[in-house]
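The letters A, B, C, D and E name the chains in turn, as written, and every chain counts its residues from 1.
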Amino acid sequence: MSEKMILIPVRTTEQGTALNKGKLQEAYMLETSMVDVNTDDMERLGLQEGDKVRLSNEVGEVIVTCRGKKPDDLPQGLLAIPYGPPTTHLMDSETYGSGMPVSKHMEVVIEKVIV
Amino acid sequence: MVSATRIVNGKVYDPINNIDGVIRDICIEDGRIVESVPDSATRIEAQGMVIMPGGVDIHCHIAGPKVNAGRKLMPEDHRKDPYPGTAVTRSGSGGIVPSTFTTGYRYATMGYTTAMEAAVPPLSARHTLEELHDTPVIDKGFYVLLANNIFLQNLIKEGRQEEFQQAVAWWMNATRAYTPKLVNPGGDEPWKGKRNTNVHDIDEKVDGISPRQIIEAFVIAADKMNLPHPAHIHCNNLGHSGNYRTTLETMRTAGDKRLHIAHIQFNCYGGEVGKQPASKAAEIIEYINQHPNITCDVGQVMFGNALSMTADAPLAYMLRGINKNKWVNADTECESGCGIVPFTYQGHVYTHTLQWAIGLELFLLTENPWQVILSTDHPNGGSFMNYPKLIRLLMDRGFRRQEIARVNQKAIAKTMISDLDREYSLYEIAIITRAGPARALGLKNKGHLGPGADADITIHDEMEDKEMMFNAPRYVLKSGVHIIADHEFREDHTGRLLHITPEYDQKIEEVIQPFFESYYSVQFENYPIDKSYMHDNEVISTGST
Amino acid sequence: MSENTRTIKNAVCTFCGCVCDDMELTVDLDEHRITKAKNACILGRSWFSEHVIEDRPIAAIGGKEVSFEEAVEESAQILTKAKFPIIYGLSEASVEAQREAVAIADYMRGSIDSTSSVCHGPTGMAFQGVGESTTTLGEVKNRADLVIFWGCNPAEAHPRLFTRYAVTTKGMFIPRGKKDRTVVLVDPRKTASAPVANIHIRPKPATDFEMIWALRALIKGKKVNASIEKVTGVPLETLQDLAERMKNCNFGVVFFGMGLTMGRGRYFNTGALFSMVTDLNEYTHFVVKPARGHGNVTGADQVLTWQTGYPFGVNFNLGYPRFNPGEFTAVDNLARDGADAAMFIASDPASNFPKAAVEQMKRIPVISLDTRRSVTSELAYVVFSTSAWGLNEHGTAYRMDDIPITLRPAFESPYPSDVVILSAIKNRVFELNIDKRSIGMSARSDIGKATLHASM
Amino acid sequence: MSLTLSLHTSPEVPVEADVISPDRLNNLNESALSALPVFHGNVQAKIGDFFKVQGQYNGEIRVEGDLSKVKHIGAGMTSGRLIVNGDVGAHLGAGMQGGKIIVDGNVADWAASEMTGGRIIIKGNAGHMLGSSIRGSATGITGGEIIVHGNARNEAGQAMRNGLIVIGGNSEDLTGVNMLSGTIIVLGKMGIRTGAGMKRGTILSMHDADLLSTFTYACTYHPTYLRLYLTYIKKLGFQIDDAKLSGNYERWAGDSIELNRGEILLYRN
Amino acid sequence: MKIKSTEIVDTFAEAFKMCGSRVIITAETREWAMAAAQSMTGFATSVIGCKCEAGIERELPADETPDQRHGVSVLLFAMNAEGVGKRLVERIGQCVMTCPTTACYNGLVSGTTVSVGDQLRYFGDGHQISKVLDNRRMWRIPVMDGEFLVEESFGVQEAVGGGNLLLLGKDQKATLRAASAATKAMHAVPGIILPFPNGVVRSGSKVGSKYKSLPASTNDAYCPTLRGSVNNSMVPLAVNCVMEIVIDGLDVKAVEECMRVGMYAAAKPGIKQITAGNYGGNLGQFHIHLHKTINGN
């Protein structure tokens, strides 16, 4: 089961502190491959906390780990991942004449990875 | 090291030394003018040329946060005026606010070798020093904005004049500035704290203090400290009709103590607020003629592009209301405001022509050119690149008439500009662009060509067209270095920072620090500027009381 | 922890754009690390504590350790031979290093861009379009009775924005701190910043422009189509209430972040916000402040502007600076125009640039300067290990409000600073390119304007 | 025979070639033409390094090949005809004052920026900022005609002050943003935020559009003047059926934040 | 010289230099376009009394008008460009702008123009909108049925007024029939109008009057009733009715052609003579000789 959703790369304290440890370190890799998903959405998609999901768009695809967020904290249809390599893998290099690539509000398809 | 140079056969204009067009040699060694040099010295043949000290700009805006904001604001302006680099110079961009490199090179190209940035919030002094470091060739300094400093205002309100003076001295040292600058004294608090209002009268009290009290306090402190250049003031009500009364009152407040009125043209308007602007240049200049303690720079308006950038934030907002152009406001905590608006002066517009004519009236009516210094308040009245044209307007009556005929005649009719036949001589030009500003600034080694002076020298081909002549000196020497020869850049040069270090009682820090810790957002210990920012510098002595 | 420690007061944290200068650092001089950072926020604490000297070669070419001089020579050669080289990064570097980098770009005639272009570049572009009413942070602390956070999450990105500058701190006219302020958060998500807000407005994602536009109309007393609720998910009454609050406060401020700059609309989002704040100054004093970071990205804007006239995305191909975001910005240079050499200074574009740009990095010679290994240094051909600015080196950093702060280093590093490396490369690039630079260009002010691209 | 420039060597990095313009190539023979300077990245090169030059200028220049890395073609031109066969890089016809450019291919960003006169016909698609201003300036094109048969991307006609832009396909976001005056006709669909900040001027689309809340519906009518425009562009080769010519259009006034003197017209039936 | 049985007098029509313009009126239907045109050209017979002379040149099919709607072409003449401008503003403002669904375009390409839409736009009270297409500026003036579209400026050119034919017939019936036939034929000539009712004027005039206040008075030389009363009567025996056709044209060729066509059409049984009015050749700039005009073709 897959669905189109909006992905917002975001900052988190964990990402910030992990950054200081080093981008090639595990803490950073781990934090930047967590995706926040609305728990109602998770239920609909049959997802459990910690499940791997595939996010894909025209640019690329990544596999990240599900982290449930209460519906009050994160609206339905919205995904959040701390900035890092997975989010850039989905980023188009088109900058609309601004120098700024598409870095927020990326349309992605989310689907559960069946192990 | 710079070798010795002898300039021969040129006609020398050196008003400080009473030399008016006399052919004589100028000798240079180690960056200074000397009595003589060995025969082995490099010779510059200056037959048919005019030799003057390097120009001194007493009031311009060339570095610091508002200048950089103005720069950043205008990519469309830079684009039309690229400035390629050479083997000895860095590239940059021009326009109304050129990049730092271009600023320095273009001043040099016009024969100016010293320029004073006229308005820097103390908190941004470090930024200003960084830009001045990247402003080549010229010597430079800056005036630090203190009149709307809340801490200082509190001392004035409480009548603590002695501590006030100590605090001003502390601030001068902490920021490495050249003199205190007063902009629309008392006007920041109504702007920032009272929903963008302003102070309208020199005796109007806002939160218990009036502009006159502030002006008085600075005039006295500067006098007591014997600063080389006195308080440098941008008067209240600048740009408003009827403001000449404020200007007269401001000058009267100084009594017989020294005071410099900045870009006074913007403060010579008759009429009532918001209507019927008229020229009161004659009234203002009459006062100045009778009061040798006052100096001013004109702030001539030149037709074409300008960028209004001022610590007088309400003024910029008023201008924005006129042209609805992009507008910058920038508050500096406890210290200052700032406004920036692109502006174009147009000959067909009544008020613009009036402003232009008032500036010329001031020049042409003055009895003592030493008191009336050439400036355009760059870039407020137009770029400093207009100086050669302005010089021609003063020197060439025929050209002036031509230009007068091209602008708004209704405005011209309201001034006496058409009746003024005066033509400036080269000697007088040397006064208003070199000797006068150097003297007003207390720069004993600048503005003249006597032994001991800095070897900042310009050599111009003598030409009928004075604009052409001052547009491009054939040689420019800075501290004895041959920067420009045959109109080409031959060497780069960094220039020096000019600043003062008046003495103060260290105890004043104990008074300042608690205020600072409560209301500033940086640490008190991190506020004063350390030596690493000083680079080449020269302390101008304040002398003893 | 050894006994050999020292304390540094009023030290500066350069992790985020707050550039807090009230750190009290305890430095273990034997271990070369900071053991305590009093006053630091969670991000600052990790910034200080995690900084260790990595054991890396001072310089390497193609993975092989080389001397500093060899690496400088190779870098200068690469940059000189390239037809379309770029320099990028600069955010975690001092003003002094940034100056050298611009000089290199000038001498080599390439492009230079800072991390601004993928951060607050759109803010700079909006500034160029409409201007900005802004302030230093101290005035927010002293005066702001209405504080709006729009599309930013200071709790996780600029924690001390709340405590030191804008919310809980007490100021001259805000004697009771937060009690004297109304805090509004605009964010679709309930972020960690939400608890501090008196009002949390949650528009649908990417509808900021529509919402600001409606607010502008409401502020001016113009009609707003009722469809606004459907578009933004925010009721018209909520917008009306916010508009009234903004008009009626004494001193209002909006902080905003990448929720605006990165979203669809980019500089139009920020431009709309700037325009709204300008509109508000008709009624009261109102300012706007990009919540900027990392480190000294603000300084990069400043240095580039004073040296070239433009804040980022500058190109020197023709021998003088030109500016065009979308053309001379790093992502476009790499992904579209095929930059043929790159020098990355204190940044890690290989980990945060779009795939197409990273692919190009892999095809061309890359020079990297960084304090620690990164994805970029891993793919670079010439790698310099540098000391850490601020922690090991003196210099200047600009706070998000353009206030320059002098850095107070904690301990020495065995690695050279950015400034030293860049200065050496600059000198060599200058020598190698001298023939490209005309000798004796006219110094007459009426000449020297380039005729090429008169239309540009 | 007209003058023909055929690309023989693809540039590695962008070539800046505003020299490819009738004003600059007039009156030169083949070898002089080949020697004209262009910038290849930061290296001054010659036209001949990239193009085979044939023929003599007779009022017309033909440029052929994949020109997607060649920028500034026809920039600032004042007269003559420039015919481009192939995709072309940024800044085509930037600041153009007169004459005619015809592109049989796609064009990159900033085509016709700050144009003041003349006509550009693009048979393929256009990029972003078609007929826009350059950064920082408040005024885009002040005259001339930009005719795109395909699609255009963001900010078509940004800050336009006069002239005509026709887009046969779709346009993306911010069509006619900050427009001061002039006419933009989009036969296809438009993206969001059309006409944001517009003071005056007309934006027409043959499809429905999501408009900002600061635009106010006025009426549904058939504006007589539109018949002139549609007839005019019909002659330029666009398919305009009679229903559109005499049909009804919704008129939306805006942007109320600004002068509120602009209009967006959406075809209804 | 004769055409059939009608004698063409060897004389000339004395015509005057005027200034002319062409106005294209379009509307949703033919009727509305015609209504506007008729209204606009009403009371425009003689420049002396009406300050201008105007008439419908022809109807235009939709594919000939700028906006592809039914149209009418109107010519308007006055003594100078300024006069044309003023009359156009008055008449377009009062008769075209007021008429439902109309639009109004310049129909004459000329180096000299007068501003029309540029004046009328103020009716829009600030809501008017200008549009420039193909270097022509149009004004859109909001009105209650939508918008009135009018071109900013109209071309004017030197033109010819006062071309004329006098038909001398045996009785009123025959003369009227000939005049009708003539005007019908003459209308087909492009670039001309016949400003009088149905193209015919019976009250031909001469310059001056015995009454000081009148600049002109009845053309007594051609009044049959005065044949016995005046010395200079030009009415031959057996002629009992005279009618005149006045022609204004955009150029003298059009007027000549029109007169030629008119003479052939009018030369019917019962028309004794066709002549033309002149003032001895001292007043008008154009002398259109009848014989030459016929021979010219």
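Convention: a contact is a pair of C-beta atoms (placed from the backbone, for glycine too) under 8 Å apart; a residue touches a chain by one contact, two chains touch by 3 or more.
This structure is a prediction, so every number in the text was calculated from the model and none was measured.
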Keeping to the contact definition above, tell me which chains border both subunit B and subunit C. D
For subunit C, the least number of touch steps when starting out from subunit A: 1
Please state whether B-D or C-D has more C-beta contact pairs across its interface. C-D
Among the chains, which is located farthest from subunit E on the basis of C-alpha centroids? A
For subunit C and subunit D, what's the span in angstrom between their mean Cα positions? 34
How many angstrom between the C-alpha centroids of subunit E and subunit B? 73
Can you check how far apart subunit C and subunit E are, centre to centre, with Cα atoms defining each centre and the answer in Å? 76
Suppose each chain is reduced to the average of its Cα coordinates; what separation in Å results between subunit D and subunit E? 47
Would you please write down the residue numbers of subunit D that are in contact with two or more other chains? 109-110, 128-129, 134-136, 138
Counting only residues that touch at least two other chains, what does the list for subunit C look like? 125, 128-129, 264, 316, 318, 323, 325-327, 456
Contacts with two or more other chains, residues of subunit E listed in rising order: none
Give every touching pair of chains, nothing left out. A-C, A-D, B-C, B-D, C-D, D-E
Complex contact set, residues of subunit B against subunit D: 73-77, 79, 325-326
In their shared complex, at which residues does subunit C touch subunit A? 15-16, 42-43, 46-47, 49-51, 113, 117-118, 121-122, 125, 153, 155-157, 159, 188-192, 202, 204-206, 258-259, 261-264, 266-267, 312-313, 325-327, 329-332, 334-336, 348, 351-358, 372-375, 378
Along subunit C, where are the residues that touch subunit D in the complex? 82-85, 108-110, 125, 128-129, 209-210, 213-214, 216-217, 220, 222-228, 231, 264-265, 268, 272, 275, 316-318, 323-327, 337-340, 436, 452-456
Subunit D to subunit C touching residues, read off their complex: 12-14, 16, 18, 39-43, 69, 72, 75-76, 90-91, 94-95, 109-110, 114, 128-129, 134-136, 138, 173-174, 177, 192-193, 196, 210-216, 256-257, 260
Subunit C residues touching subunit B in their complex are 9-10, 12, 21-22, 95, 99, 103, 106, 124, 127-139, 141-143, 164-165, 171-173, 250-251, 278, 281, 283-285, 287, 301-303, 305-311, 316, 318-323, 394, 396, 398, 402-406, 434, 437-446, 448-450, 456
